[in-house]
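Listed below are the structures to be examined.
Below, chain A partners chain B and then partners chain C, in two separate complexes.
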Partner chain A sequence: MADRAGEGRAQPVKALMRNDLKQSDLTATGSPLRRYWRVFATFARNSIIRDMSFRSDFILQSITSVSWAVMNYVLFKLIYRFTTSIGPDTGWQENEFFVFLGTVWVINGSIQLLFMGNFDEFSDLIRTGGLDFALLKPIDTQFLISFPRMNWSQVPNIVLGILLVVTSMNAMWSDSSKGAWFTWWTVPAYVFFVGCGITIMYSVMISLASTSIWLGRNQNLYDFWFYITNFYRYPMEIYQRGSLGWALWGTFTFVIPILVVSNVPARVLANPLGGPWNAWEWSLVGLTLAMTLASLILSRLVFRSALNSYRSASS
Partner chain B sequence: MSIIEIENLCKSYRVYQKKEGVWAGIRGLFHREYREVAAVRGVNLRVESGEFVAFLGPNGAGKTTTLKLLSGVITPTSGTVSVMGFVPWHRDDAYRRRFALVMGQKNQLWWDLPATDSFRLHQHIYNIPGAVFERTRDELTEMLDVRHLLGQPVRELSLGERMKMELIAALLHSPEMLFLDEPTIGLDVVAQHKIQQFLKHYQNQRRTTILLTSHYMKDIAALCKRVVVIANGSIHYDGSLAGIIDRFSGDKVVTLQLDERTDFASVAKLPGSVEIEPPRIKFRVPRDEVARVLGELLDRYQVTDVIVEDPPLEEVIASMFLEAAQQEPELVGAANGRPTR
Partner chain C sequence: MTSAATWGSELRKWWTFFQISLNERLVYRGDFMLGTLMRFLPTLTQIFLWWAIFESLPAAVGGAGGEGGRIAGYRYGDMVAYYLLITISRAFSSMPGLTSGIAKMVRSGELKKYLIQPVDLLTCLLIQRVAHKLVYYLIATVPFALVFFLCRQFFIDGWPSAEVLAVFAMSLVLSFLLGFFLEACLGLVSFWLLEVTSLAFIYMLMNFLLSGHMFPLDLLPEWSRWLVDCLPLKYLAYFPAAVFLGKVEGEAMYWGLLIEAAWVLFFVVLSAFLWTRGLVRYSGFGG
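Right, the complex of A and B next:
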């Protein structure tokens, strides 16, 4: 190694350093939004490079998650052999439901692609004091810890989700009575509400991850994620029966608003009841907007106050 | 105004006292006992722009905690700090743009990626214009002689190489203030020397204000004119390295080489003798008695060589630490940037 070569005694370091830079030269101009975008893009790029350097692991992960999705699909395919719809008048027939399922895959995949791994690592950062470095950077700390490592092996899942949504929509349209309500804004609205759903999940997960600053350790993040995503994988109508069902529905709509995460975008696209929306559906949309905003603000407050309690770790 | 002004800085932690055993563990679920640990107690310090100051102290003395307070990673229990006019723990972006912290025991580079990819990330985080970034990166890699390693994943670098990359990452945004926490820890002599040389040269060129903590006296002797000794969370000495010996050791070490035929057993019985390796013998003599004692010895024995020197620095410092550990914290808490005893 060149490092070791002929170094018994002092060699003068080449005098290359220049001293002619002013502080103003050191900072590029341009809007902060563009800077955040550039950092985000670099995270994405670096993560791809990293994922590709562990090729077999990457392929294995993709296969695992895709096969899980396929089994899920087969299971529901089987269930729909026994029934035509979930409940008599919910409108969730086979095609509508598969639009729902595809949406869940897209949301799940995006969450895992973007931040699940980072939040899982967050508790390690706190335990080992690695968070120190994030706190030193002249950029929003929450942003910095949310997205550094993206999990690209989730992309096939997202693509599968989109495929499932598209093919199910297609099948719905071949059924003549459906599709009349579909207008130019349906797809943008769908994308928007998928975004809202991801934002709500982001807020829930970062709030949970933040608790590891107080708890010192929090290894249950993925467990918790698994539990709650179990609930949002189905249309919310299945909870609307019996007092226990309504209790669950209330909790997961108003307290931890995960039901709107998957239900609202899927409803926007599949419109299971057909025709123009009723008051109930409009109020769900309003609730989603309010919940997105509220959860984002609340999670930011939680993260901030958690940071104030951070005490770093031994040198 | 000084670039760093620290007044009465204190930081204490609440630590959970875990007792041994399963039962104690279960009881700990319901009732916990905590202990206050004061990591930094009443530190006062001023540093001028362009100074290279070393923090010296035993493990757990509060050096790293002080650096973390200065870089705003943690918030103090009480006291005030101003660095370049900023309060560090407010974490202003304007402040964070102007300093860097390097920790020898932690790494911030992406483990699985070549260092150059982490550098790019830093460029965007610090918003460094492309041309400036490339120039600085090339200069630094040239100076540290690591250009050929830029494309190698960080996990495949040696510790010394990795440390160089860490330094580059920290210096890309040309910080005006640099905090170095044991940057040479675990490195071999050659790598240590390289890093020292680099830091010296860099500081000379850029007039960056640098605070360094280290356990290696060589680092400090090579780099810093000013040494601040911290023990038990407070400052025990602030001055030059050589001054430590004057201040904390009243003794000189006198080594005599005697004639082979001397009766070494009788010499060994003389007061103040500390080490005998015939034909050499070492004495520890109070400074103001050196002349008298040496005169007597020369009269009495066949002496072939004489060396009079200061006791080894490590030894003086070790005894100083020991002394500090025995003192009541209240007594040393008043340390006001000056030696206290």
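Right, the complex of A and C next:
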């Protein structure tokens, strides 16, 4: 609930685009990949400088996001006093679930660190005509509007998520045979699927942000973000009951694949059912790969066609 | 005679304030109804989350899919009903922007506007709130009624008795007053601190966790339950819902109401004290 109260408001992207990017960054010779990396690094550096110049605000934001996370942890600590798992036979027992929760923190933190604030600003860029400045730069526009302002106050949350995952994994090993299933590729696979999850969310959010070109002033994007993350905050098994539940599950797995964002990486690491995976678990992984690719391509198309309808605003 | 006349003009004055605030709010009604419906989306996930949790209760406590499973005295229906009722308590007790609004007036010097007029700031703000809340209830009744109707199955015992309903209603009105004067006090602290963001933030966190907004306070272990009972926060969300669900009944219900009223009185007095003391310090720069 009310997760968004503490979200940092990003500084206007416009200013960054006009002043902080040096021409040399944009026209640097060498491979395009390197050029993009240099611009990205400049964004990261500028954002950190900006954050550090409003230090108390930065600290307050960090504390807010960490506090929400900790309160969520407290709630589930309380719930596990009364039950052993969430959903019968799902295997989401306390330690397994806290791996899940930690994963959600890492994913949410990363999304907000990297691009959420920028997308929130995007509708302002449309309304004020500030997007003109981005269109003129010799670099991909989607890239340029996605990353200029990073929200570093989310880093503590990500670190906390990693800590929760590590300690829960540790606890899991010491009291069960789960360790046997853990191999050298488990951690790389986990990191990879966390990446997939972030990519899917990136695609969903930029598609939503793009609609503000067509619709004019958009609703606060953080509202959407809040409602969407609300669905993937818990294991997907909880929706697999009742007709409404199955409908939600189907929609958010196959149409807007946000449930796989958190479920697949957490499942790779925690392996709640133990032992070798079932066919449906493997299909879920396959689905995630396909969905990541598809959503990335689709969102690119949406952004491009939205951009075609952009008619600037009076200056 | 004269006193009657002053009373009349006082009343007219406040009535005008009330009408202005009322119309101010009615401007955005369409947007607002949709927004209220959206606000129930998190409740949807809560329904499924608790469904899954109650299904996995061990058979020893009557769980294993049975109807009898209880968590801290709550059946599955009670739990969902609790979260739904909390949305009502919050509709009364939450005061968005009150603390920061007062702080901003103090900081920017806008407060002068109230000092040179024959009106009292707190009364004025209170009347504005009442008007805003009334508009809110007027418009939000439709989405609220819809959601509660769709969720009627979760209210296992149906409507409570008229007596309980009356206490429930009174506790809601008191929770509105408590919320208002508590947050007004926080805002008035800005006479001394100027920047109350962190204070308001700590309050928000405590409120979320300890008012029962996040979960029924009955889930808390014994030792922390005692602490929560000593704080006024539980009257902002937990208490009205608990009364409705029969978690607090009989004499305890009236005692709760009395303590809630005492807390309201405490914060009324405190806010008046902070206001008079603060004005002595106030120098009214800017504006």
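Following the convention adopted for this analysis, the second predicted complex is superposed on the first by the 286 of 315 C-alpha atoms of A that agree within 3 Å, B and C clash if a C-alpha of one lies under 4 Å from a C-alpha of the other, contacts with A are read in each partner's own complex, and residues count from 1 in each chain.
One rule holds for everything that comes next: a contact is a pair of C-beta atoms (placed from the backbone, for glycine too) under 8 Å apart; a residue touches a chain by one contact, two chains touch by 3 or more.
Because the structure is a prediction, the values reported are computed rather than measured.
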{"item": "Which of chain B and chain C A:S312 touches, first, second, both or neither", "value": "first"}
{"item": "Comparing the two partners chain B and chain C, which touches a greater set of residues in chain A", "value": "B"}
{"item": "Touched partner set for A:V39, first chain B, second chain C, both or neither", "value": "first"}
{"item": "Contacts of A:S174 with chain B and chain C, given as first, second, both or neither", "value": "neither"}
{"item": "Partner chain(s) touched by A:L75 [first = chain B, second = chain C, both, neither]", "value": "second"}
{"item": "Which of chain B and chain C A:L60 touches, first, second, both or neither", "value": "second"}
{"item": "Shared contact residues on chain A - chain B and chain C", "value": "1-2"}
{"item": "For the chain C and chain A complex, residues of the former touching the latter", "value": "38, 41-42, 44-45, 48-49, 51-53, 55-58, 61, 63-65, 71-72, 197-198, 201, 204-205, 208-209, 213-215, 219-221"}
{"item": "Of all residues in chain A, those that touch chain C in their complex", "value": "1-2, 5-6, 60, 63-64, 67, 71, 74-75, 78-79, 81-88, 90, 223, 227, 230-231, 233-234, 237-239, 241-242, 245, 248"}
{"item": "Chain B residues within the chain A interface of the complex", "value": "13, 64, 68, 71-75, 91, 93-94, 96-101, 103, 105-106, 108, 110, 112-113, 117-118, 120-121, 124-130, 132, 135, 139, 142-143, 145-146, 148, 153, 158, 160-161, 173-174, 176, 181-182, 190-191, 193-194, 197-198, 201-202, 205-207"}
{"item": "Chain A residues within the chain B interface of the complex", "value": "1-4, 7-8, 10-11, 13-19, 21, 23, 25-28, 30, 35, 38-39, 42-43, 45-46, 49-50, 53-54, 128-130, 132-133, 135-139, 141, 144, 308, 310-312, 314-315"}
